[in-house]
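Pasting in a structure now, in structure tokens, and then I'll have a few things to ask.
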Amino acid sequence: MALLEVHDITMKFGELVANCQVSFTVDSQSIVGLIGPNGAGKTTLFNCISGLCRPTKGKVLFDGEDITGRKPYVIAAKGAVRTFQVVRPLKDMTVFDNVLVGAFLKRSDNRQAFEKAHECIRLCGLESVQGKLAGELSIGGKKRLEMARALATSPKLLMLDEVMAGLTSTEVKESMDVIEKLRSTGLTLMIVEHVLEGLMSIADKIVVLDGGLKIAEDSPERIVNDERVIEAYLGAKYSQRYKQRKEGGSVD
Amino acid sequence: MSFRMSKGAFWATLAVFLVGVFCFGPGMGQTLAQEKVIKIGTLFPLTGPVATAGQRCQAAVQTAVEIINNKHPELKVPLADQEGILDGYKIVLVHADSQGKPDVGKAEAERLFNQEGVWALIGSYNSSVSKPASLVAERMKRIFMCGASSSAALTQRDMNFFFRLAPTDETESVEFVETLKWLNQKKKANIETIGLIYENSEFGKHAAGEAKKAASAAGLKVVADVPFSPGATNLNSEVQTLKNANPDAVLGALLGADYSLWIRTMKQMAWAPKIAISYCSGYQDPVIAKQLGPDADFFMGSTAYSPQFNVLMPAVGDVEKIFKTKTGGVPFDGDSIQEAVAMLVLAQAIQKAGVLDAEKVAETLHANTWDSPLSLGGKVAFAKGGQNSKAHSVVTQLQGGEYKRIFPEEMADTEIVFPIKPWNQR
Amino acid sequence: MVGKSVDLKTFSAKDGLWVAFVVILAILPLIPAFSSNSFRLHVMILILLYASMAQAWNIIGGYCGQVSFGHSVFFGIGAYGAGMAVVTYGATPWPGIIVGMIMAAIVAVIISYPCFKLSGHYFAIATFAIVEIFNRGFLVWDWVGGALGLDYPIIKEGLVNLMWHQSKTGYYYSALVIFVIIFGTVRWLEGHRFGYYMRAVREGQETAESLGVNSAAVKLTAMALSAAMAALCGAFFAQYNLRVDPPMVMSLDTSMKFVLITILGGAGTMLGPLLGASVLIPLQEYTRAFWGGLGGGVDLIIFGVLIILMVVKQPDGMIGLIRDVGKWASNKRAEERN
Amino acid sequence: METFLQVLIDGILSGMVYALVAAGLCLIWGVMDVINFAHGEYLMVAMYVSYWLGFLVNVDPLVSTIAAGVFIFGLGALTYKLIIRFTIGKPGLVALLATFGLAVFLKNLCMNQFSPNFRILSDTWLGGKTFHIGGIILAVPQLMAAVLALVVVVLLYLLINNTRFGWAVQATAMDRDAAELVGINTERIYILVFGIGGACVGIAGGIMPSYLAVHPEVGSMFGLIAFVCVAMGGFGSIPGAFLSGILVGVVEALAGFYIAPVFKYVAVFGLYLAVVFLRPKGIFGW
């Protein structure tokens, strides 16, 4: 059953169309990758789902319930929680307290919340810095904090916005492991990535956006061979040559 | 902004707290080693919007103390010819600043009594400060001499240790209305309507309330009731409102800068009532006549003193010389002179009672009529509640920069100019 | 206390220190140096009162990050609550205090709701504007005494009327109780969900919302709580001074005191308001006692310079100063060891 | 009708002076995101400068307004050097509180030095002069102040929008680091902006003694109104500040006359709230 259904989302900022009639579904306990070149409208789509923007048109169903245009905290409370591409640590609070804020969403009792926070901090490998102020962390640390904090809310759907960008390849590897581990606990994940390395190996499905339009939705293996995807990523010229080479013919 | 709090920080806070409280405490209020000293506290608004008046009041008390403590045979004032009172007791003043705020005034009154060990208080100009400050004195059974606060409510509280010298706004209001009635009779002035302009504070509001009472008792109609926020950037709408209602007479309660702004705005709008009478303060500030020049002329107000009253109060002149050395040449005005009287009368009462016992002195103050050459009428006596029943003021009119006495007739020295001359004919 | 919050105990060693501190305060009036009517006791009462006021402000201004210059409105409502109960209705102040606190919370929610949509300086100036409107509104509102204000009659002293005549000890213990109530509440909040939520909202509203925090509700609740506590302090202020009028309680000056004390001490910390009040209030009272009588405003000149120095040199407040000194000392020790 | 026009014109005239006071504050706010709480006190100091020049050497306020402008320019630059410099980049509250300290300091220093007495310059060129158009009375000093306000604000606007210096100021306002990179000495820009902001209020204060008494408390209300004008106009928008200055003057006058004089400031502050509740960034804000 689909945990998240996106129907015909269109988002306009004045004349600029950021998303145009995008539809797809995310199945329960799957990992869905959302990819596309810069400016393809990935983050906007995330904002529409998580309630930060109200889509101009279209509908978002979460767990069978219409959540279009609801407030972010309502959506978060229902279990769809996101991270931010541009990290937003609560700077003057410690790492632990940051995670604790997330943990309090489902637990008002201090003891339970503290336990959950500890658990998420361990999971994301932040134990050694948990007493530091979040503003003092390295960029990698902040990315992991984003994830730990979102995890602490015990979400059903975790939406990760470029948590791996700018990380070293070992760090990417570690993150992948964490994500795999999460899926095994029954979590559904939706991952926006600019870097495809790694994502392809764990995702069940990839949705590709370009210029605000959905241009493909398929399994990773097929996506890598999809013409339009290659065109979007590598440009028309390259795609043309690629096609020609494939066909063996030549034009001019 | 959040820090890891160490125990150290905590104890540092405690230390700061205790240092704050302890270090300054001792050493305060240590008296002069001299034995024969009566400490009197003064409490005036030395800073804030009415600081000018407060500083003059303080200077007036200092003047009185100088007369009491030293031999001044040339002055025809009680206690001037002797040194100190009660066989050599000298008065020492302890000054405090109320900032014109009731809470500060009350705290300072308590400090003066408890910490500085003053024997009595003189103060505190603003009626709103005098109220809580005198409560402090009353509860401690100490004397509070109030010179110039004008709110009638002050002396309607049946207090035993509170004495006020100045006429209240109640008596002033009656006097103003009497003046208008007299004009109607004598001059066929035909004054029927009244406008009120007053600052929206304890002082102005109270005065206006009394004015309305007196006016309705005399059958005069109040056609404009204009309170304004003190310290306003302009008084355009206020004066425009008055101008539109066009009352025959205006009663005003405005302090210093607001008074001058009012006059100038009326001039600018080319309007003036037939007659304008002001409660103390703004109008009788000696600086007004000098600074506004001919514009200040023909306005009227109640005055308890002005240098032109020397004929009536010959003793003041020499006292004023001392006062002027403390104010940079500014003479007494009706407010500050009351504070000097307060000090003098208190000293006279102590002398007469013969003991430094507040209850005895308060009884003595109530029981006698005091000679007071600095008061209009020359006498001071206190009714129950502490009001000076001999308090007089004269309605004067500024003519050529001088305060001319107009009413009551037996005190008058000049014929009234009525109505106020138009602005372009001055 | 945030750093160590990893441990689960809700009652920590820190709280032990607080209890010790309050016990010391409670014993102080028994020492002869604090005679029942001394100026020192007055200064202590003011320190406790202003520390409580600042702590009340700290809830919304420090922890929740909404810098309001409008707290004198709530302070004033509390003062009027108590004042009107006694002066207008001849009752004891207690029902007035309760009503005042509730009214302050309601008013806080009503005026904050639109104001929270404003950011930065727009918000600050809006709160200025609200103070001015309330100030002038109360000045002409005859039901609450208008410009004449409310003057307390002398009535029977004691806890029933929350009024004492000769001795200040009663006022001192009342102030101490208020201090304990407000600091206790904040201490409790600090360690619980709501406290974390407030700080999360301060640090980043969108982030907090993405984690399921209803930031508008958090801010309004914090404001209401803060306002009710400010009103409690205001009621005490009225009882202590036996007079209420708008310039006294509902003015920008009063509002600035809330802010200044907290910021000077250290906003968003538990100790900050106490530290700020412990320095600022004795400074204010003693400079006035020493120099006020000169009439030259010397006390205020010094006061102004001090504010500038403090704010410019140590924007984190005195807490920051102590922290820096602590760091410096531990560095020094570390150096010596090496 | 005549009364209405009279009230309206009085409102516009006093509004233009508010606008001039606000323009300086607006410039400072727009460029460095600092609210100068001592702005009203600058005005007061300027009035004293003008008063003393008039009283001691008999210079008319109309002339000494230039001196006052220069003086407050210096005071502003000094304020920047000694105080504001350290608050840039810190939360907005820091500068506000620091300048609050400065306001307390200036007010009481003037009281200490010049006594709390209010002072009036008599015999100024414009003092008390009026002229009549139909039944409407125009007070020359206020009119002159309004004209001066208009001239200065227009000059300020041109300076910011049409000169190299102005572009540098705008660049600095948008992004200080980027401006540094293209070779703008932003520190110098900040000093000058604070100075110019001061000069505007200095000029306003310089001419005021021809119709207003000078005393240490005179600036407070002007300062508050200037905050309102600036915020109502919108972040750093000089035309916005100018228009809302006039709007404030008009509303103050109309409310003062048609509702009740005590409510005139209530109306002004209420207007501000109404505007920002509808447009949270002010009339011209974005």
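A, B, C and D are the chain letters, set down in written order, and residue numbers restart from 1 in every chain.
The rule is simple: a contact is a pair of C-beta atoms (placed from the backbone, for glycine too) under 8 Å apart; a residue touches a chain by one contact, two chains touch by 3 or more.
As the structure is a computational prediction, the values presented were derived from the model and not from experiment.
Student: Compare the CA centroid of chain D with every other chain's and tell me the farthest one.
Tutor: Relative to chain D, the chain with the farthest C-alpha centre is A.
Student: Find me the chain with the mean Cα position closest to the mean of all the protein Cα atoms on display.
Tutor: Taking the mean of all protein C-alpha atoms as reference, the closest chain is C.
Student: Roughly how far is chain A from chain B, centre to centre by C-alpha average, rounded to an integer in Å?
Tutor: 75
Student: Can you compute the centre-to-centre distance for chain A and chain C, using the mean CA position of each chain? Integer Å is fine.
Tutor: About 44 Å, centre to centre.
Student: Provide the C-alpha centroid distance between chain A and chain D, rounded to the nearest whole angstrom.
Tutor: Averaging C-alpha atoms per chain gives centres 51 Å apart.
Student: Determine the centre-to-centre distance between chain C and chain D, using the mean Cα coordinates as centres, and give it in whole Å.
Tutor: Averaging C-alpha atoms per chain gives centres 33 Å apart.
Student: Of all residues in chain B, which are in touch with two or more distinct other chains?
Tutor: 1-2, 47, 51, 55, 200, 227, 229 - these are the residues of chain B that touch more than one other chain.
Student: Quick check on chain A: which residues sit in contact with 2+ other chains?
Tutor: 92-93
Student: Note the residues in chain C that touch 2 or more other chains, in rising order.
Tutor: Those would be 2-4, 136, 139-140, 199, 268, 296-297, 300.
Student: Please give the residue numbers of chain C that touch chain D in the complex, ascending.
Tutor: Contacts found on chain C: 67, 114, 117-122, 124-126, 128-130, 132-133, 136-137, 139-140, 252, 256, 259-260, 263, 296-298, 300-301, 303-308, 311-313, 315.
Student: Please give the residue numbers of chain D that touch chain C in the complex, ascending.
Tutor: Residue positions touching the partner: 29, 33, 35, 83, 86-87, 90-94, 96-98, 100-109, 111-112, 224, 227-228, 231, 260, 262-263, 265-266, 269-270, 272-273, 276-277, 280-282.
Student: Flag every residue of chain A that touches chain C in the complex, lowest number first.
Tutor: Where chain A meets chain C, its residues are 50-52, 71-73, 76-77, 81-84, 88-94, 96-97, 100-102, 104-105, 108, 110-111, 113-114, 130-131, 149-150, 153.
Student: Show which residues of chain C lie in contact with chain A when the two form their complex.
Tutor: 2-6, 8, 10, 191-193, 196-197, 199-200, 202-204, 206-215, 268
Student: Quick check on the complex: what are the chain D residues that touch chain B?
Tutor: Spelled out, the residues of chain D in touch with chain B are 3, 6-7, 10-11, 14, 108, 111, 115-120, 122-123, 128, 130, 137, 139, 142, 211-213, 215, 217-218, 220-222, 225, 252-253, 255-257, 260-262, 264-265.
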